[in-house]
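Below you'll find the structures, each written out as structure tokens.
Common to both upcoming complexes is chain A, partnered first by chain B, then by chain C.
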Partner chain A sequence: MDIVPQLIVNSVIAGSLYALVAMSFNLVFGATRFFNLAHGSLAAVGGYTAFFIGDSLGASLPAAMLGGVIVAAIVGYGFEFLVFRPLRRRKASNLVLLVASLGALTALEAVIAILFTSQFRTLSFLAGTTGIVHIGTGVMTHVQVGILAAAVLVLIGSWLLLSRTSFGRAVRAVSDDEEVAKIVGINTDKIIAVVFIIGSAVAGLAGVLAGLDTGIEPRMGFSLLLKGVIAAIVGGIGSVYGGFLGAFLLGFAENFGIWYISGEWKDAIAFAILILFLLFRPQGILGKKR
Partner chain B sequence: MEYLIHLAILFSIFAILAISLQLIVGFTGLLSVAHAAFYGIGAYALALLLEHTGLNFFVAILVGAVISGVAAALIGLVLSKFRDDYYALGAIGFNVIIFSILLNWQEVTRGPLGIPGIDRPELLGFTFSENIAFLLLALVFLAIVYGISEFITTSSFGRALRAIREDEEALSVFGYRTSFFKLAIFVIGAAMAAIAGGLFASYITFIDPTSFGIAESVFMLSIIIFGGLGSLRGALVGALILILLPEALRFVGFTPDIAAQMRQVVYGLLLVFLMLYRPQGVAGEYRL
Partner chain C sequence: MNRNTKLTGIAVLIVVILGGWYLAKGEPADTGPIKIGFIGPLTGDAASIGESTRNAVVMAIDEVNAEGGRQYEVIYEDGKCAGPASASAAQKLIHVDKVEFIIGGICSGETLGAAPIAEAAGVVLLSPVSSSPDITNAGDFVFRVFASDATSGSKMAETTWKRGHKNVAVISEQTDYSQALRKVFEERFKELGGTIVISEGYPSSAKDFRSQLAKIKATNPDAIYLVPQTPASGEVLLAQVKESGITTPLFSNELVTTESFLTSGVSEGILFAEVNFDKESPEASMFLKKFAGRFGDINANTPPVYVASTYDAVHLLTDLIEEHGTNPKRVRDALYKVSDRPGAAGPLLIDENGDAVREYVLKQIQGGEIVPITN
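Entry: the complex of A and B
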């Protein structure tokens, strides 16, 4: 079968992109324990910031990328500071936080559409003409190699951060029990704020990379996020490594699934997987039973 | 005048959607983000039945409600395994799957092209082609749905639903089969949403999948959260204000495309502010 290597390559690329979203989503979920649906829109913020910097200001790729990541981090922190922290102070339920994040997502997507129109745009002008790498009969562009590298780097980075630093210990403490973490003297608000900044920056990076590979549109964040959440649940919600694993499983399932059914059904396949996992293994592959 | 009638028809359709979603979310405490899926099933069922079988509108809209109810029974059975935020997530999943079927099952739904030329309702030789006649019809449907919902919520069945919302464990201790109640109200709500879908399809005479995505479900949710959860009157107030509010934007001088986006900004921010400052909405008795 000649197409198998290409299918594997496509699965790995999709998996890497989902992994960036899933790992950052899981990092934030681990600390706050609610479904932050606005998380995905930060990918769109990152992508469009890079587009603006590159297109209007004529900046180079690294500058545009850095700009996208920084602005996404600022917007993500803004959500935490203006919406989620006040709600947590009021002991709002997870549903209230979920609905608030749904509102933030809806508003932010529409703001992006007003500023940049709903048209599909590509950031490929930033990367210029990229070379390709041959893997068997499969082909991978340099941008796609970059996406895979970014996913692996973020995985290693998260592992170092979470298991090798005192900040990581604090994050795990907040994740286990926020109240107790507070009692033993951890400044939980500060820890959660930093988690939001890191998570949002990674989501922004995912948006820029998606834009370099294919393109950006205002609603890209929601579909990316849904894939990220599915990957997170499949791998084990709240576990950064589980997010990585789940993302690649999802990437493979989607891309090999369309071998049998046509490509438009990717989203439906992804959600069928989500519902099967929620039904039969809600804690995911790596998750602990709660 | 014609414009006011148009807004009144839209209000009636969204009021039906809001009331039926209120039964599920506000009275029973199930955060369903899948209501647009049943709205879509109703719209497509009506359009396809009118086109292929020549059934009368009034028969077709009821058949559509039954189809939607059956779909809701299957989906509800799966959703009944989940709670709270996982319920919401599962519901989002089903909305995406139904949307994907409307979009991709092209042999039946014609996919993104949509279905044009849907007939207006006809009864005993009278065609509701004038908008004012259609408005009266829509108001009749709204009154029936409101009446049924009022009956449900004031009956012992409705009290059981509220009890599930407040404390499901306690109710099951008293021997109630809570999963049956939750499934029943989900099916009833979905059947009502399909009625709204049938009205919408027949009024606009054209449907395509974009009217039935997640964004529409979020819009319906903002209507009832704004109006107040657990209140039928709140659902009416919410539908009225959230239908009229974006129209005001049109008069400020935005282009239609920008106005559509502004509508989303407005109700997105509205949700955030409601959660922050008034989670019970205008007239609600229940907070998420």
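Entry: the complex of A and C
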């Protein structure tokens, strides 16, 4: 039974990282209603920018993190402005937008690989010597505590933004029905642009934190995205709170699931849960039936 | 038939005749460049190894071409460190580019994927670094200048047993190379009387091993045998082993010598068996200097012996082609006779199965340095 606290800790760590990706993915999906696969690559952008700032410019951790988040936000907005908005103008279907986002993801990963080579790198040089926290018989590094803190902060921040500000109300309106929101006078393009910026910034943060904890490589975005999307669907597609919930559920299911089964089945468990939900409750736990 | 049909018919006839004449003429056979194929992981998680070995090929071919005579041209294909991509790369090289010699694969999965295709077409497949025991019997035209893991896996099992460890936990990557090495280790260890308390596996893209390591810790093993292949996930695995507070003796493979593992300290204390790579030998130091001069230091994710071995493989192939001509059958026969041939990776002997016979020595990472151990 000694193993249980460590499994709980592992579930929380995994859940927090998935939560960052899932919440931001759901935020963007809620407003635009299409599967933005390029969202994953923004994590890679965040991670690599932090690496560049820390390595080539010799900056400290906070500067590198901030840089990573800002550049990811800019790139995310760039995608919206250059790729998705023109396509939406032409009434492109969601499938077209999905394929376009896949293209954006692949192109961005290739650019990163060209600029930085495919070599795996860690950002731990930014964090310096990190300490450990003991939770029962489980251990957690300070970076991992940071990931948990980030996930909780983003959750609280999203709640404040969405429920307590007029901007948040506008986002909820656009998320509910874009056409009607336009009719009542909301500048949907501007709302969507800001949503992209916020969502991409959080994805960039996820990338920086993943880089500090494990490391960065050009294709890191895709695996983070897959898990984030599973979490988003399970918790409730389009709902930021659903993203948080689904992410932790996924984290726990994965880590406790392999307690008695071999670890090779971890991904299989995640995707099995996805299939079950898509079959029996496609709107997710917190989602509304459309 | 009407006028349009007639004109179309004549046009088609002209195209067919021109096409047939061009195909029958073919490439100028005797003075054009000799085409060689290369299959390696140019993209994906093992891309850093693919990049360095590709550079070794480039350097070797440039040296050969600079000597004059018939020039060589290499066609590089991406094997993605797996069977399927490597098989289609081999198909393309053999049936479209018409190569008769391939340097590759780098990953064992690539070599195993390309082998049946090369064998059926009578094309020589020479792998610089693949070590899966399955390659030994993969074909008459399939060779390697590296030794089979059957040697290193057994040696690790024997070393672990001799040091008094009776219960061992194993964690390995789900690739052809790692699984073959794991099987050899587990079989030999059980033969000696030991127990494998738990054997975990992980996919190449995994970055979170914490729960599997918690499971391993809970079985209280005497030692842990780690079999990574991909540098990215391997480095994270070793880092998380340390993070989880595991102090059990660790055994692994030569991947732990890659530069980034040494500088970050994740492979500290790990015991492994490596092909005896003498960096100080005249051939090796000359090669390493030349390589560094042209491409910079070997990237931190690639064990240097891989790069040296690739360089040797290319020179071996071109030397044999110079001597015996471009008929793959004659080159194949000559490959079986290779014995005591000097090279950057050490003297080379190829046995009757097309495998290199190389000595494996025990080493340990101490203070970031690779230190040889005598049992």
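Quick notes on this one:
One rule holds in what follows: the second predicted complex is superposed on the first by the 289 of 290 C-alpha atoms of A that agree within 3 Å, B and C clash if a C-alpha of one lies under 4 Å from a C-alpha of the other, contacts with A are read in each partner's own complex, and residues count from 1 in each chain.
The working rule: a residue touches a chain if its C-beta (ideal position, glycine included) is under 8 Å from a C-beta of that chain, and two chains touch if they have at least 3 such contacts.
Since the model is a prediction, treat every value here as computed from it, not as a measurement.
Superimposing the complexes on chain A yields a three-chain arrangement in which chain B and chain C clash. In the superposition on chain A, A:V99 makes contact with chain B only, while chain C stays out of contact range. In the superposition on chain A, A:L161 makes contact with neither chain B nor chain C. In the superposed model, A:A272 makes contact with chain B only, not with chain C.
In the overlay built on the shared chain, the residue A:I197 is in contact with neither chain B nor chain C. Look at A:V83: by the touch rule set out above, it reaches chain B but stays clear of chain C.
When the two structures are aligned on the shared chain, A:I13 is found in touch with chain C, with no touch to chain B. By the touch criterion defined above, A:I70 lies against neither chain B nor chain C after alignment on the C-alpha atoms of chain A. In the superposition on chain A, A:T141 contacts chain C only, with no contact to chain B.
Of the two partner chains placed by superposition, only chain B is touched by A:A107; chain C is not.
Of the stretches 4-12, 58-66, 94-102 or 148-156 listed for chain C, only 94-102 runs into chain B once the two complexes are overlaid on chain A. Touching of chain A by both chain B and chain C, each in its own complex, is seen for residues 113, 262, 264, 267. Across the interface of their complex, chain B is touched by residues 34-35, 83, 86-87, 92-100, 102-111, 113-114, 222, 226, 229, 233, 262, 264-265, 267-268, 271-272, 274-275, 278-279, 282 of chain A. Listing the residues of chain A that touch chain C in their complex gives 2-3, 6-7, 9-10, 13-14, 113, 117-122, 124, 132, 139, 141, 210, 214-215, 217, 219-220, 223, 254-255, 258-259, 262-264, 266-267. Residues of chain C that touch chain A in their complex: 43-45, 47-48, 51, 171, 174, 199-203, 205-212, 214-215, 217-218, 231-232, 235-236, 239, 243-245, 260, 264, 299-301. Here chain B touches chain A in the complex through residues 31, 33, 78, 81-82, 84-86, 88-90, 92-94, 96-97, 100-101, 103-104, 214-215, 218, 221-222, 225, 258, 261-265, 267-272, 274-276, 279, 287-288, going by the rule given at the top.
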